[in-house]
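What follows is a set of structures to go through.
Same chain, two partners: chain A is paired with chain B first, then with chain C.
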Partner chain A sequence: MIPRPKPERFRLRRTMIFMSAQKPGLIKDAYIYGVDSIMLDLEDAVAENQKDAARFSLYHALKTIDYGDTEVIVRINGLDTPHWQEDIRVCVAGGADGIRIAKCESAQDVKTVEAAVEAAEKEFGVEAGRTLLMAALESPKGILNAYEICSASDRMFGVAISGGDFRKCMQTKPTPDGIDMLVARGQMIMAARAAGVQCFDTVFTNLDDMAGYEAEVRQNKAMGFDGKSLINPKQIRLVHEIFAPTEKEIMQAEKIVRAYREQSAAGVGVFTVDGKMIDIAFIPGAERTLKLARACGLWEGNLV
Partner chain B sequence: MKNYVGRDIPDALLVNGKEVYQGKNYMDGKYIKKASPCTRRYEKPQESKIVETLADALRLCGAKSGMTFSFHHHLRDGDFVVNMVMKAAIEELGLDNLTIAATSLGAAHDPVAEYITEGKVTGIQTSGIRGRIGEVVSKGLLKTPAIIRSHGGRPRAIEGGEVHIDIAFVAAPTSDCVGNCRGIGGKSNCGSMGYAMTDAKYADHVVVVTDCLVDFPNVPASVEAIDVDAVVIVDSIGNPKKIASAAARISQNPRDLMMAENVAKVIAATPYFKEGFSFQTGVGGPSLAANLFLEKYMDERGIKMGWAIGGICGPMVEMLKKGKVGKVIDVQDFDLDAVNSINQTPNHFEMSASQYANPANKGAFVNKLDFVVLAALEIDTGFNVNVLTGSDGILRGAPGGHPDTAAGSKCCIIVTPLIRGRMATVCEHVVTVTTPGDCVDVLVTDYGIAVNPLRPDLVECLDNAGIPHVSIESLKKKAYSLVGRPDDLQWEDKVVAILEARDGTILDVVRKIKPYTID
Partner chain C sequence: MIIQKPAVAGTVESSDALVSVEPGEGKIELTLTSSVMNQYGRQIKETVMETLKRLGVDSVKINIVDKGALDCTLKARVECAVFRSCDASEKDIPWGGAVS
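For the complex of A and B:
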């Protein structure tokens, strides 16, 4: 039995890789590739008549495999299926770190899942509130309700857009510049930031088009995403490289935080670093850069 | 008597100067008396050496019961020659008590298992032993223990007279009427014929078997007419589809790629990774993929590989053509890209097995190697590697050049997944030691990297480069935690195979496995 530490609501989630819970060979050690989060899938990757077998292997994987620091999330079946309640019981009993609500369209959907999670935590003697939630927005309605979804529960740590279903609803196809999802991505990020949760971009499915993939990841970073959903381990490294702060950014952030501490101790509120005006508004950003740098293994300081 | 790697070697085997393994380079500086064959003079001008059948060739060479026949394995799993020759010798000439000394034996030679069972073949000396032959030998049906040698150990034993070849059979993709052979230009091409070269020089008689007769002179020849007694033309020497695969492709398996990338990282972190470095790799998934990542580091540092050796396949030929490697010298070719390149692409040369790996000569290529990347069936916490016996104790593998390159190179990297199916690759004790741990430097697995404590210099290199590594003990624990620790195999006393270290000392023995019974 592998006891997992209590999940952190906010942690580094640059990469989240989908693995079918039906395939023991995949889920037994998906953490070896250095991904931040593993998304064990009970939904689309599992055939309708194999749901129970997948739950069975999922439960035993959670109970017997030491995933270490890698976060383990489970994508459960939609609320319009007969599967989701049993999925939740398995996730909670197995001790998954979090649950991804598929096809989420309203705050009510989150609350429905939350109630079932609470009941399961009670049923299996799991610490109340341990199991985190995230929502996948897969329809225009989900995107339009993004803010109420993001703020529906204290368990919510983030939202992700699911490109396949969303594009189907919008009658669009992936475009190289991402114009097909520009509005949806923008609206979701804004809602997530307003609610104080994280946001994750959809998967890039053409494994051979590494140039297209890189362009999309760069756009994700520029738009402010926290991370990306992946389908293959070979996609991990690029996200980690692109999302990592540069050496210059790290040095700059360190300077700013240091200067701010010195100046504010001396009673100064606004000052300059390398010719740029700095005040308290710059501090959270600089601190975030340093935390990210440390998480990426690029910085070993103790300022934050 | 226990040897350097802790294996118990029966005293009965330690006769006629045979010793147990004492650690690497033990034989350094000693002298070897070379054997010389007794060969027939052909003074009278000969139009042709072609004889009608294999049986005729055998008779011409004075084949008798009790003789040793040698073969080489360039036709790999496509080889027809071993079976044809043994059939002629046993079923047409009625010979028995024969020893097969082959550079490797595999599934293509399953019919030989029958001759072993019947007692017609009573000795096997080989590097590789797989398929039915491995099974019957493991059952104890071969009259004498099989002797397993590395690719370098075999020419050492031949040159030193430990193996005397009565008749060497050369499977030749092309030959002329007097026996100048080449590995290209025919219908069953294999490229390099490096393993046949030493055999032909040290055998009393040499028979060339070809399916493509070409005009005299077939030069430059791999095996030369000056050593050949007879040429036999057959319909087909092998199945081309199984001789060379279309093209060895670099794995797309993410696990292989991750391990390969770590191999390249380790290589790039050592001081040997500099302009003109030398390299050998196997053709297994992660070993071959290491080429890809290595090239990236070479470009970054602006350096080129000086030379590469080994069994060669397409990706290395590609690097040669791109000018990333100065010279490629090979003893065997694994795919058509390599077969079609040897002696055709400038700076792609052939070498003999002795030149490749023999520890008793004065200048084997392996001794100049900087890096070798190798696979393993098992590796234990003493870094001893097994590439010969399966987890069931049955002979089903081949040391090949593994022990030679490991011992000769400055940095030997083993790359293998931590577990295969339900088997732990990293374990407490390997079933059979085929490459001793004192020759292995780094282990790269999908669960982490371990450095042999005998190499603190490499530990420092990895630390300086920020490459995380763990103890091999912790990898073993992880493996056992995933798949469980297997029960020890149960052996009988009977030795079915003797595993010689490359220097000729005894590294390990394989005993007969006790039949499995369920309580």
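For the complex of A and C:
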């Protein structure tokens, strides 16, 4: 039995890779890739007549395999299926770090799952509140209700947009510049930030188009995502590279934080660093850069 | 648990095992073929017998085609086959109890 440490609501989640919980060959060594989070899937990757088998497989994987620092999230079946309640029981009993609610459309969906999780924590003697939640927004209704979903529970750590289902609803196809999902991504990020949770982009499914993939990851970073959902280990490294702060950004952030502390101690509110105006509005960003740099192993300071 | 009808769980993919059970004749009859029989045959049998014991199964014909499954996978496949044979694999599984 591998006791997993208590999950952290807010941690580094640049990469989240999907793995079918029904495939022993995949889930037994998924931690070796250095991904931030593994998403063991009970939903679409598992055929309808293998949902039961996937749960047995998931339970023993959670109890036996040492995933180390890699976070283990489970994607459960939708609330319109006969599977989700047993999915929640097995996740909680096995000690998964978190549950991803598929096809989430309202705060009520989150609360329904939360109630079942609470009941399962009681049933299996798991610490109340241990199991985290995130929601996948897969429809226009989910996107429109993003803020109420993000703020529906203290267990919520983030939301992810799911491109396949969303584009199906919108009757669009993936475009190289992402114009098809621009509004939905933007609205979801804004809702997540307003509610103080993280946000994750959808998967990029064409494994042969690495240039298209890179363009999408760069756009994700520019838009303010915390991370991306992945389908293949070969997609991991690029996200970690692109999401890491550059050496220049780290140095600048360090300078800004230092200067701010000196200046504010001397009673100065606005000043310049390397010719750029800096005031208090820049400080959280600089501090976040330093924290991210430390989490990526690029910075060892103690300013933040 | 009493095996009520033939049931199967698993696959013959690498790292997996295909487990079939059918009603027995008062004892456990285990047949095993494994790609790692010489190295792990005994351990596989032990894991299967322990799992059956935990489930309270003492009368079953069980056939296993192992393709290098880890213990945790073997357990999962045996349990799933047994629960399926009782039409009880879909809900209210005793996680942490008989299944552990």
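What we mean here is this: the second predicted complex is superposed on the first by the 304 of 304 C-alpha atoms of A that agree within 3 Å, B and C clash if a C-alpha of one lies under 4 Å from a C-alpha of the other, contacts with A are read in each partner's own complex, and residues count from 1 in each chain.
To be clear about the criterion, contacts are C-beta pairs under 8 Å (C-beta built on N, C-alpha and C of every residue); 3 or more make two chains touch, one makes a residue touch a chain.
No experiment lies behind these values; they were computed from the predicted model shown.
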item: Touching partner for A:K28 - first (chain B), second (chain C), both, neither; value: both
item: Residues of chain A touched, compared between chain B and chain C (which is higher); value: C
item: Partner chain in contact with A:N232 - chain B first, chain C second, else both or neither; value: first
item: Chain B versus chain C as contact partner of A:S57, first or second or both or neither; value: second
item: Where chain A meets both chain C and chain B, residue numbers; value: 28
item: Interfacial residue positions of chain A with respect to chain C in the complex; value: 23-25, 28, 51-53, 55-57, 59-61, 63-65, 82, 85-86, 89-90, 93-94, 124
item: Chain B contact footprint on chain A (complex, rising order); value: 28-29, 32-33, 66, 232-234
item: Interface residues, chain C side, partner chain A - complex; value: 9-10, 13-16, 69-73, 75-77, 79-80, 83-84, 89-93, 95-96, 99-100
item: Of all residues in chain B, those that touch chain A in their complex; value: 254-255, 257-258, 446-447, 481-482
